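Listed next: structures, encoded as structure tokens.
Two complexes come next, and they have one chain in common, chain A, joined by chain B in the first and chain C in the second.
Coming up: the complex of A and B.
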């Protein structure tokens, strides 16, 4: 067996730790991506009874981006089982309380609903910022590619680049710039 | 009413400054037309000539007669702030079609894209004076990041 093939072999059977930067990413679309890594679906040896899932460390969960008006339209339901114990929390209110909870709930609901789900969730580590504890950081060996590029604010683009950008608009001759 | 207010304000101004009021301005610092005064032997010559725009050399040269966005066939997204900011005034207002010279479809599409970019807080330096410049200091849900899908733009104004 060649050295590269041997490495591939080890990688398949080892529990790999992946890191995912959730900055400006949709948590519900990311959940579908992270599910494959948590369950080990991408491995050739995958089988539902085969415990081959990986660890995923999600960072910057406070900086997630929801689509359109979902911050004020998506509602999280909870019932205490007591009479009148139902609460409906909007996504932005939940994110104010705990910036990791939206990602956690998104991944939890993306996973198949079986007895394995809570054990699979144990392999998901979510942090609101980019500070990872040292014992977790030293395991990480792979980074998952972000779904969409992080948009850059206009005032964060260097002035040289803004000034030298090709112009599409031609002002009329007597136009007064404002 | 607005006219009356302006009239009263002008009277008040003239009382303070003792200067005759002028309704037309002779020169502006950012005008594309410059006015120069020359004095030679008691002859004062006042000249106005057009000043080339600073970014004239960066202008795209397009052969097509279509509007600039149609001619370049760009698929503009709401995150392309360098393109969108060209169609804006310094307070973040969309320029009229007479100035942008876009076709009807593109003008409406760009207007929608600009609204998306402003809501996502991608152009905080092109906003009215009263707005909070840092998007993270907005209220309630507005302080969190949001993105938009260009497919939500009305079907007619989609170009892909």
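Coming up: the complex of A and C.
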């Protein structure tokens, strides 16, 4: 095998590190996307027995967005195996305890239920904010596109721009807004 | 039994039952315990194994087809279309490549595969297929009325 060919071979089977910004993204829809990268399903060389899954670094997991009123309605079940050991934690409670857990559980449930699942999960790194440790940051070479664009909040737009925005009508100065 | 030659006479020594059972035992030579020693158990296991082998021949074909589709799905999403569009587009262009060839091309000759997806995408766009509604026609494909 020539040196160039060997390099090509290494490049094909090398693990790639992807970064995914979870800000304002639905964790359950993102999980389906991240699953493809974790298992290597997006590569044409995919085979269930060849170890071609990649690393995925999820950042800003604190700022995920659940659909509808799922923050109040989604419940996470845990049982300690003792009598009366069942607990039901609401999504917002769990998110307050650990802002990475909802993403982790979403990806875990999206992966196929087999022995490989826990090993695949080892390749998922979740961080609540955008601070990534240096040893992880230096590996990253690709960014996964977000499922939907992050909306700009009105209070984050500079006041100047808001004031200069063309208006259909202007209230008179002595008009009382209720 | 008719022994037309000396050869067959030599082969046919011993009772018929022994040779009948030996055929089965030979198939069970690698089994463990009584499965390879007791005929009544052996015959049961061997028959079941043969049934499995027959089923497996069909299942293997299905599995490989599934794997190739999975790989092609991965290869085509890199170029912005999906496998269904690729297949439909190529079929309409009379490019008759099967899943095996397409999957091999996507691994070993990614550039050729990219050209194929471009052709399929252009054709699908020309025929107003729904799946490529939001995709732009690849700029490197010159149609000149040849594709249709």
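The criterion applied here is as follows: the second predicted complex is superposed on the first by the 146 of 178 C-alpha atoms of A that agree within 3 Å, B and C clash if a C-alpha of one lies under 4 Å from a C-alpha of the other, contacts with A are read in each partner's own complex, and residues count from 1 in each chain.
The rule is short, and it goes like this: contacts are C-beta pairs under 8 Å (C-beta built on N, C-alpha and C of every residue); 3 or more make two chains touch, one makes a residue touch a chain.
All values derive from a computational prediction rather than experimental measurement.
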* Considering only touches as defined above, state whether A:177 meets chain B (first), chain C (second), both or neither. => first
* Does chain C touch more residues of chain A than chain B does, or is it the other way round? -> B
* Asked: A:44 contacts which: chain B (first), chain C (second), both, neither?
  -> second
* Asked: Can A:33 be said to touch chain B (first), chain C (second), both, or neither?
  -> neither
* Asked: For chain A, which residues lie in the overlap of the chain B contacts and the chain C contacts?
  -> none
* Touching residues on chain A, where the partner in the complex is chain C -> 36, 41-48
* Structure fact -> In the complex, chain C touches chain A at residues 67, 70-72, 74-75, 77-78, 103, 106-107, 110
* Which positions of chain A touch chain B when the two form their complex? -> 24, 26, 63-68, 70-72, 90-92, 95, 148-149, 151-155, 157, 161-178
* If you look only at chain B, which of its residues touch chain A in the complex? -> 28, 30-33, 50, 53, 55, 58-60, 68-69, 72, 79, 81-83, 85-87, 89-91, 95, 98-101, 120-126, 140-141, 144-149, 152
